[in-house]
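Same chain, two partners: chain A is paired with chain B first, then with chain C.
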Partner chain A sequence: MTFDASYILVSLKVALRYLHVTLLLSVIPLLAGIALGTPIAVCRKFRMRFTSQAAGVLIPTLRGIPLVLYVLILNFLILKPLDMLAQHYAWADRLRMMNSIHIGIVAMSAYATVTISETMRSALNSVPDGQYEACFSVGLTRGQALRRIVMPQALAFAVPVLCNNFIGLIKGSSIVYVIAILDVLNGAMSSAQINYRFLEAYIAAALIYWVLCISVERASWLLERRLRRHRAELTTRG
Partner chain B sequence: MIRVRDARKSFGKNEVLRGVSLDVKKGEVVVILGPSGSGKTTLLRCINFLENADDGELTIGDLSVRFKHATKREILSVRRRTAMVFQNYNLFNNKNALENVMEGLVTARGIPVSEARETAKRELDKVGLSDKYEAWPSQLSGGQQQRVAIARAVSLNPEVILFDEPTSALDPELVGEVLAVMRDVAREGITMVVVTHEMSFASDIADHVVFMDGGVIVEEGTPREIFTRPKEQRTRQFLDRILLKYDYAI
Partner chain C sequence: MGKLFDIALVFEYMPAIFSRVSVTLLIVSVSVVGGTLLGFLLAAVRLYRMPLLNGAAVFYISFVRGTPVIIQMFIVYYALPILLSQVDININRWNKLYFVLISYALNNAAFMAEIIRSAIASVPVGQTEAAHSVGLSGFQALRRIVLPQAFCTAFPAFGTRVVGALQDTSLAFTLGILDMLGQAQAIGVRTYHVLEGYVAVALFFIAASLLLEKGFAWAGKKLLPNAG
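Let's turn to the complex of A and B:
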């Protein structure tokens, strides 16, 4: 069977129907990762009791687990107890039948939280201690210092890495085929199940991922430029 | 009025402050001299709790706190009665000059933005930066940054401004503009505690000079007493080295 580019279009059409799944599986984990990872990074930065110690042990451990295992393990951890509960309660049965996309989102979010907490930690460490001291010297509290001065600067450092994390999540989300979620990759492949044009299907999926990642990169570049406007003149200074 | 009693501070086994007591009257300019490692900066940083002293007592106006047992609330109120000018300026990098001065007024003091903006403009005008309101710290020279930092400190109208080697990181040609601004601040009657190596500034402006070495105050007195007839051997050695008296004949 020779390569036929027209089948790329066929697969593309099918795959695009599942674009929202891939987006759900990457955007929500990104937001969850920022929302949960940032407080973890702050706790570790300020060496808060208990939380920072717990995070200091947990984060490095969890970081050593591949994404596919997050998906498999969480799939198991979520479904097994529900199976047992479902034998007794009707509501558990409904949960048990929930869309596996939700499990995928939870698993991706857990993975993103671990990754992004490290991103935010390094971003926080990039802000010089003098900035905190200046905040304290004018009478800001730690929370005010973080919100007004440190976080905006840390975010400027974090954006390029967060962009990397996001691209990682978009591409990584393709791994959810192991729990039978229909995303862009799986959708493209489903079209190939019928016409056996696998290479064309793979190329179609690759094209979609490529466009997604390029857009993210471009958006990140614009955001970065905006966040660093105060550093614009850095190079012109003698 | 500032009173420090028996401040002690160790970093590990290194005892940096071995019981320092210091009195600063209202409106007075106190200059702290001493070789590096003598504990001058640490003393300054302990006064606004950037370092937690191990022991001793601090009084600022009507507020008395023990260094060791200071609560968060006490630390905050000490910091809101003091201001600091740092060696490395430490302007807020994500704020322009005007916002740098406004930040403490608005966020810490709760002053309305419009009022804070007027105060900030007035203070920036006083340090000669009326054309730099919108400039980012990265667009300013070291001397200009330090002048913004001084405006930021003065605008808070604190009971004391602590200057931690404010000219040490500057190019020699920029030292003058910062010292001139500090002279103006002193003339306004603002209480100042200054750690510096600028001897001419110390002798011209200071009301009181403190010489520290090895974590204790070795000698203190008026500039005239300290510079012309120091009592202690160590003070004399230090001044001879710094002042480099050219008393040789050719």
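Let's turn to the complex of A and C:
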């Protein structure tokens, strides 16, 4: 078998049709991860009763599990009970209201929540405790201090790491091919099923992921520069 | 189809699944050691700005960091035989494990190169200049002054990367490697109990990740000055 670059274009065209699936599988988990991970980080920061202890045990544990196991286990846990119900009540065929993409999104979101809660925790820890004390001394409540003083500073720290997490999610989303979701990787593969040009198809998929990741990296750099501008002012004046 | 999940089966499958732990550990160790060695080469190319090679290294590192490891693995799997057949080497009968080892080492090389490069770049130029001014040669300055300082910066990132490499190995089963996850799936096909196998594998990864993290944190405290 030789290598023919023109087949890369063929695969590229097919794979690009599934770009939205890959984006769905990485953007929604990113947002879910921020929405769910931040409260977890706040609970741990303020050592809230029960929640912080539970998170303190659960998060480091769950962080050890590779993404592919999240996908495989959650796929099983979501599909099998539905299957059993369907059998028990003699519903026609297996339940198809659960699209594989939704399972993928749930699994990726679970993984993202664990990862991003750690990101947000280190971001919160990057703000010195003196900031809280200063807030309390001028009469702000804890929620106000968090929202108005600490979070804006923590966010400047978190954005580059979040972008890294996002890149990880984009790359990680290729793993959902183990539960047969048609994303960029599987789309490229589907074209290779016809012409047996597997190498070209994988290269085509790689190119798409590469462009996506470089764009996020670039955006991260721009965003970081924008968020840092106040900090730069402070240091020059101080 | 019986129960959804039977905790007893997790322990029943454990011996069979953990018997494949050597495969996972082999991939991790080869990829980390090979990746670090290659990473030093790549970092040197970038730090000394070797013409042409520097551009190639930037390209390579960006590609590896910007694409999923699973795709890299398949590209190596399909491209390496074609490349080597040009020089009349036939590797079609190679064990698939070799392809996995090569692709993971190549993958880690890019990450390690960035860790090493940024660590060495973080040592102020003044340190090298000071070393030169007291009569150390270029290599002596690197070995005695710059690298020890760079090591302190690189060590935590290195630890994180090793844990990452461990988790990445979970994808080797997609190429048909019979590692722990592959074994869990094989058991699942035979017995219709796949979840228990996955849970056993997950337990291994949890334990191994925690152990590595703690180990690196401990080693960091012992090795690095002023690290609390």
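A few points about this structure:
Rule of thumb we're sticking to: the second predicted complex is superposed on the first by the 221 of 238 C-alpha atoms of A that agree within 3 Å, B and C clash if a C-alpha of one lies under 4 Å from a C-alpha of the other, contacts with A are read in each partner's own complex, and residues count from 1 in each chain.
As a convention for this text, contacts are C-beta pairs under 8 Å (C-beta built on N, C-alpha and C of every residue); 3 or more make two chains touch, one makes a residue touch a chain.
Everything quoted here is computed from the prediction, not taken from an experiment.
Once chain A of one complex is fitted onto chain A of the other, the partner contacts of A:175 are limited to chain C, with no touch recorded for chain B. In the superposition on chain A, A:153 contacts chain B only, with no contact to chain C.
In the superposed model, A:137 makes contact with chain B only, not with chain C. When both complexes are overlaid on chain A, the residue A:199 reaches chain C alone and has no touch with chain B. Counted by residues of chain A touched, the larger count belongs to C, out of chain B and chain C. Residue ranges of chain B in contact with chain A, taken from their complex: 48-50, 76, 79-80, 82-84, 86, 88, 90-96, 103-104, 107-109, 136-139, 152-153, 156. Those residues of chain A that touch chain C in the shared complex are 1-3, 60-69, 72-73, 76-77, 80-81, 84, 87, 167, 171-172, 174-175, 177-178, 185, 198-199, 202-203, 205-206, 209-210, 212-214, 217.
Those residues of chain C that touch chain A in the shared complex are 1, 4, 62-63, 65-72, 74-75, 78-79, 82, 167-168, 170-171, 174, 181, 194-195, 198-199, 201-202, 205-210, 213.
Chain A makes touch with chain B in their complex at residues 128, 130-131, 133-141, 144, 148-149, 152-153, 156, 229-234, 237.
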